[in-house]
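What follows are several structures.
After this come two complexes, each holding chain A, first together with chain B and then together with chain C.
After this line comes the complex of A and B, so read on.
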C-alpha cells in the first residue's frame, strides 16, 4: 500500500511537470500550427539561470526566499525575452509551415544549446530546494518541493483553462486555432494573438524549468529529455487538445514511475514508446485529436 | 532519367572517385568518405520527402544499418559485402514495420514519432550486451583489398545509390510518390494502395540509410549508441536544407559544403552545434530554397527566355 501510494505520488509529480511543458507546446501548435523544438531551451535557460543566480543573490546579502524570487523572476524574464526574439526573428515568418518551422526550431536548438554550453559550461549544477522539509501523506514522506511542483501545475492548468474559456484573448486563441482566416475576418488580430500565445507558451516552458530545477541535475542539455517526453505526451493526447495533453502527460508520468520501479528507467522509456505506437495505430491523431 | 543526365552524373561520379583515389592522407580521405556518407543520408531523407513526410527516424535507420553490419562482420563473421548488405536489409525490414504502423499518421505526428523512435532505438543498443552496451562495438574493419581505397568504394557506392534513388524518382513509382505528396485522395481514386506505397518509399529510404550506416561503421571502425542520436537526422536535414531540396544535387552540395566547413570550424575550436545551428537558421531566413534554389533563381531571373532556361538546367546536371 505504501509503495503504491509512493508510486502514484511520483507519477503525479512527473506527470505534473510534463503537463506544464506540453500545455505550452500545444498552445504554440494551436495558434501558429508549428512544432517548436526550441521549447526545451526556455526550460534549460531558466533552470541554468536559477542555478547560477541563486548562489549569487544569496551571497550578496539577500535572504533565501528573496534570492529565490529574484533568481526565478530573472530566469523567466530572460526566457520571455528569448521567446520574443525567436518569434520576432524566426517563427513569425514560418507560421503554418510545419516543415519549415520545425527545421528552423532545430536550428535554434543547436545554436542556443551551443551558446549555453559555451557560457555555462557542460558541468552539472544543482539547486537547493525552495522550501526544506517534507510532509507525510498516507504514511509516505513527500518533500514540499514536489508538492510545490504539483500545486503549480494544478494552478496554471486551471488558469489556462479559465483564460481559454472566459477571456477575450483566450477565445480569440481558440478561434485562431480552429480557422485563422475566419477569425481574421471576424476582426481578430491574428499576429497579436499568435505572439501572445507564443509568449504564454514560453512562460509555461520557463515555469516548468523553474519548478524542476531543484529536483533535477541542471545542465545545458537538460531540456532535451523533457522535450521528448513532452512531445510524446502531446502526440498521445492529440496535438492542439488541452485535455489530451493532460491525459498524455499523466499517462507518461505513471508509466515512468511504475515502470521505473518494477523494471528500470530505460525499460519505462521503451514501454512508453511501444504503448504510444499502439495508441497511434488505433487513433492516428491522438486520443483526443479530432479527425 | 534521360541520357544526358545519366552520362553527366556518371562523369561527376567518376571525377569524385578519381579525386578520392588521389587522397593519400588519412584525414582528408576520411573527410571525403564522411562527405559521401552525409550526402547519401541527406539524399535518403530527401527521398522520403517525395511522399511529403519528414523522416526523422533516418538516424535510427543509419544506426540499425551500422549495428547490423558490425554484428554480421565481427560476431557472425560474414564476408564484408554480405555484412554491408545485411545492414541495408535489416534497416529496410525495420523500416517496413515502423512505416506500416506510423505512416497511418501524417505530418507532425509522423515527424515526432520518428524522433522518439530514434531515441528509443538508441536506448535499446545500450541494453544489449552483445552490441557492447554504452561503449559500442569496435574492430569493424573493411577487407584488406579495400583497406587502402575504402574512400573510393564509399564514394562510388554512395554515388550509385543516389543515382538509383533519382532513377526511382523519375519512374512511374516516383510519380506515385509525388502524387501522394500533392494529393493522396487522387492517387487513391485511381486504385493505388496509398498506405503501402508510402511504406515502400520509407523502406527504400531506410535501406539507403542502413547502407550509409554500414559505410559509417567501416570508415570509423568503431560505433557507439551516441553516434546515432537525433542530431544525426538534424545534421542531415541541415545538408538538405542548405543545399536545396528541389533537386537531387542539393543534398550532395549541402553535405560536401557543411561537412567541410564544420571540419574547418573544428580546427578553429568552434563548437559544431553553433555552426550547424547558424547555418540552418540563416539558410531558412535568407534563402528558403537552399543554395541550389538560389543559383536557379539567379540564373532564371537574369535570362528569361525558355531555351536558355532549358540549357542552364541541363548544364547544371
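After this line comes the complex of A and C, so read on.
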C-alpha cells in the first residue's frame, strides 16, 4: 500500500509539471494553430535567470524568500519580453501556418540556445529549494518543494479554466480557436487575442521553469528535455484541448512513475512512446481531440 | 627635388621588399603548420566538455609553439587546433570527420569526444591513414585492427577495478550494491566491468538498471533503489549532474549508504544538482587541480578552463592537452609527419603529460599499446570540494620509467 501511495504521489508530481508546460503549448495551438517548439526556451530562460539572480539577491542582503521572489519575477518578466519579441518578429507572420511556424520555431530554438550557452555557459547551475524539508503523507515522504509544484499546477490550471470560461478575453480565445474568421466577423480583434494567448502561454512556460528549477538540472538545454514530454502530452490529449493536456500530462507522469519503479527509467520512456502510439491508433486526434 | 625622388624610390623599394618578405614569411609559416583536428561537442548538453577541450588543445599548441615548436627533418613546425561541433552524436560526428579529413586535409586528430562520434571518425581515419586520439571507451574501439587509434584518458578498463577495490578496502562491511547506468555504449561498457569487479570483491549486485540520457525525473528509480536498501549505489557511467539528481532523490527517500560514480569526471555538476546529498560520493575519473598536490601547470590549465567554461577542468578534457604533448614527442622521435610512422613511434616515447611523465601502453589488455598510462585518481566529495583520497599509479608506467632510468 505504501509503495502504491508513493507511486501515485510521484506520478502526480511529475504530471503536475507537464500540465503547466503543456497547457501553454496547447493555448498557442488553440489561438494561432501553430506548434511552438521554442516554448521550452521560456522554461529555460526563467530557470537560468533564477539560478543566476537568486545568489545575487541573496548576496546583497535580501532574505531567502525575498531573493527567490525577486529572481522568479525577473525570470518570468524576461521570458515575457522574449515571448513578445518572438511573436512580433516571427510568429505574427506565420499564424495558422503549421509548416512555416515549425521551421521558424526550430530556428528560434537553435538561436536562443546558442545565445544562452554564450551568456550563461554550459555548466549546470543549482537553485536551492524554496522551502526545505519534507512531510509524511500516508507514510510516504514528499518534499515541500514538490508539494509547491502540485499546488501551483492546481491553482494555475483552475485559473486558466476560469479565465477561458468566465472572462471576455477567455471567451474570445475560445471563439478564435473554434473559428477565427467567424470570430473576427463578430468583432473579436484576432491579432490582439492571438498576442494575449501567446503571452499567457509564455507565462505558463516560464512558470513551469520557475517551479521546476529547484528540482531540475538547470542548464541552457533543460527546456528541450521537458518540451518532448510536454509535446507528447499535448498530442496524446488532443491538440487544442485543455482537459486533454491535463489527462495527457498525468498519463505520462504515471507511466514514468510506475514504469521507472517496476522496470527502469529507460523502459518507462519506451513505454510512453509505445502507449501513445497505441492510443493514437485508436483515437488519431488524441484522447480529447475532436478533429 | 631629385633627392626627394630618390628618397621616395628608396621608401617604395623598401616597402615592396617588406611586403614580399612578409608574404614569403607568412607562406613559410603556413607551410610549417601542422593542423590538429578536434571532433567535440560545442553545443547542446556536452558543450562545456567540448569548449574546455578546445581551450586545452589551443593552450597545448601555444605551449609547444612557444617552446620552439615541433622539430622534424631540420624544419620547425607549429601546431594549430581546428575544432568542429559533433553535437555528441554519430551523424554530426560523420560530417565532422568528412570535413576534417577531406576539406581541411588533417592528418592528426588530437581528440574525438563521445563514443558515437569517435566511432564515426574511426571508420574514416583508419582507412585514410590518419592518426586519431579519442576519449571513447570500450575495448571494441581499440586493438590490432585499429593501429592508428589511441585513447587519451583512463577508460573503465583502467579505473573501475582499482576504484572498487579501494572502496571495498575502505568500507569492508559493504555486502550489496545497486547499479544504475545510462543506456548507451558508455554506460554499458562501465556496467559490464563494474558488475564483474563488485562480484569479484564479494559484493552482491542486487539490481542493475538503465536510464536514457536526458531523463529529467529520477524519483521513481530512486524510490525503487531506496526500497531495496543496498549498501552501495554505483552510478557507473552517469554524468555528474545526473548522479547528483539521483543522490538527491535517494536522500529524500531516506537512503544512506556509499555512493559511487566510476566515470564521474568532476564534482561541480554533482554538487550543483545534488547539493549536500553529494557528500561522500567517490569518483573515479575526476581530478582536483585545486588540490595542494597540483602542479603549477595543472593550476594554470584549471584556471583557464574555469574561465572558458565556468567549471573546473575534468579528466576527459585534460587528455586533450596530453595528446598534443604526446604527438610532439612521437613526431620528434620518428622524425616524420607520416601518421603511420608517428603511430609506431608513439608507444616508444615518454612525454610530459599534465600528471607527470607519461607513456602509452596497455598491450596486455588491448593487444597493442594504445592506452595512455596516467594515474587513477580516487576522489571524494567533501563539503563543496573534491578531495583526492588516493592516487593509484599505473604499474606498467612505473616499470617503464624504472627501465628507462636503468
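Heads up, the rule we're going with is that the second predicted complex is superposed on the first by the 290 of 291 C-alpha atoms of A that agree within 3 Å, B and C clash if a C-alpha of one lies under 4 Å from a C-alpha of the other, contacts with A are read in each partner's own complex, and residues count from 1 in each chain.
Convention: a contact is a pair of C-beta atoms (placed from the backbone, for glycine too) under 8 Å apart; a residue touches a chain by one contact, two chains touch by 3 or more.
Remember, predicted model here, so these are calculated numbers, not experimental data.
Once the two complexes are overlaid through chain A, chain B and chain C clash, as defined at the top of the document. Residue contacts after overlaying the shared chain place A:90 against chain B, while chain C stays out of touching range.
Shared-chain residue A:266: touches chain B and chain C both. Contacts of A:189 after superposition on the shared chain: neither chain B nor chain C is touched.
In the overlay built on the shared chain, the residue A:243 is in contact with neither chain B nor chain C. In the superposed model, A:114 makes contact with both chain B and chain C.
Of the two partner chains placed around the shared chain by superposition, chain C is the only one that A:221 touches, whereas chain B remains out of contact.
In the superposition on chain A, no contact is made by A:165 with either chain B or chain C.
Contacts of A:10 after superposition: chain C is touched, whereas chain B is not reached. Overlay on chain A, chain C versus chain B, candidates 60-68, 96-104, 132-140 or 240-248: the clashing stretch is 96-104. Common to the chain B-facing and chain C-facing surfaces of chain A are residues 113-114, 117, 266, 269.
The residues of chain A lying in touch with chain C in their complex are 3, 6-7, 10, 13-14, 113-114, 117, 121-126, 128, 134, 141, 143, 216-217, 219-222, 225-226, 229, 256-262, 264-269. Residues of chain C that touch chain A in their complex: 43-48, 51, 180, 183, 209-212, 214-221, 223-224, 227, 241-242, 244-245, 252-254, 268-269, 271-273, 275, 309-311. For chain A in complex with chain B, the touching residues are 29, 35, 89-90, 93-94, 98-100, 102-104, 106-115, 117-118, 228, 231-232, 234-235, 239, 266, 269-270, 273, 276-277, 280-281, 284-286.
Chain B meets chain A in the complex at residues 54, 101-102, 104-109, 111-113, 115-117, 119-120, 123-124, 126-127, 234, 237-238, 241, 271, 273-281, 284-285, 288.
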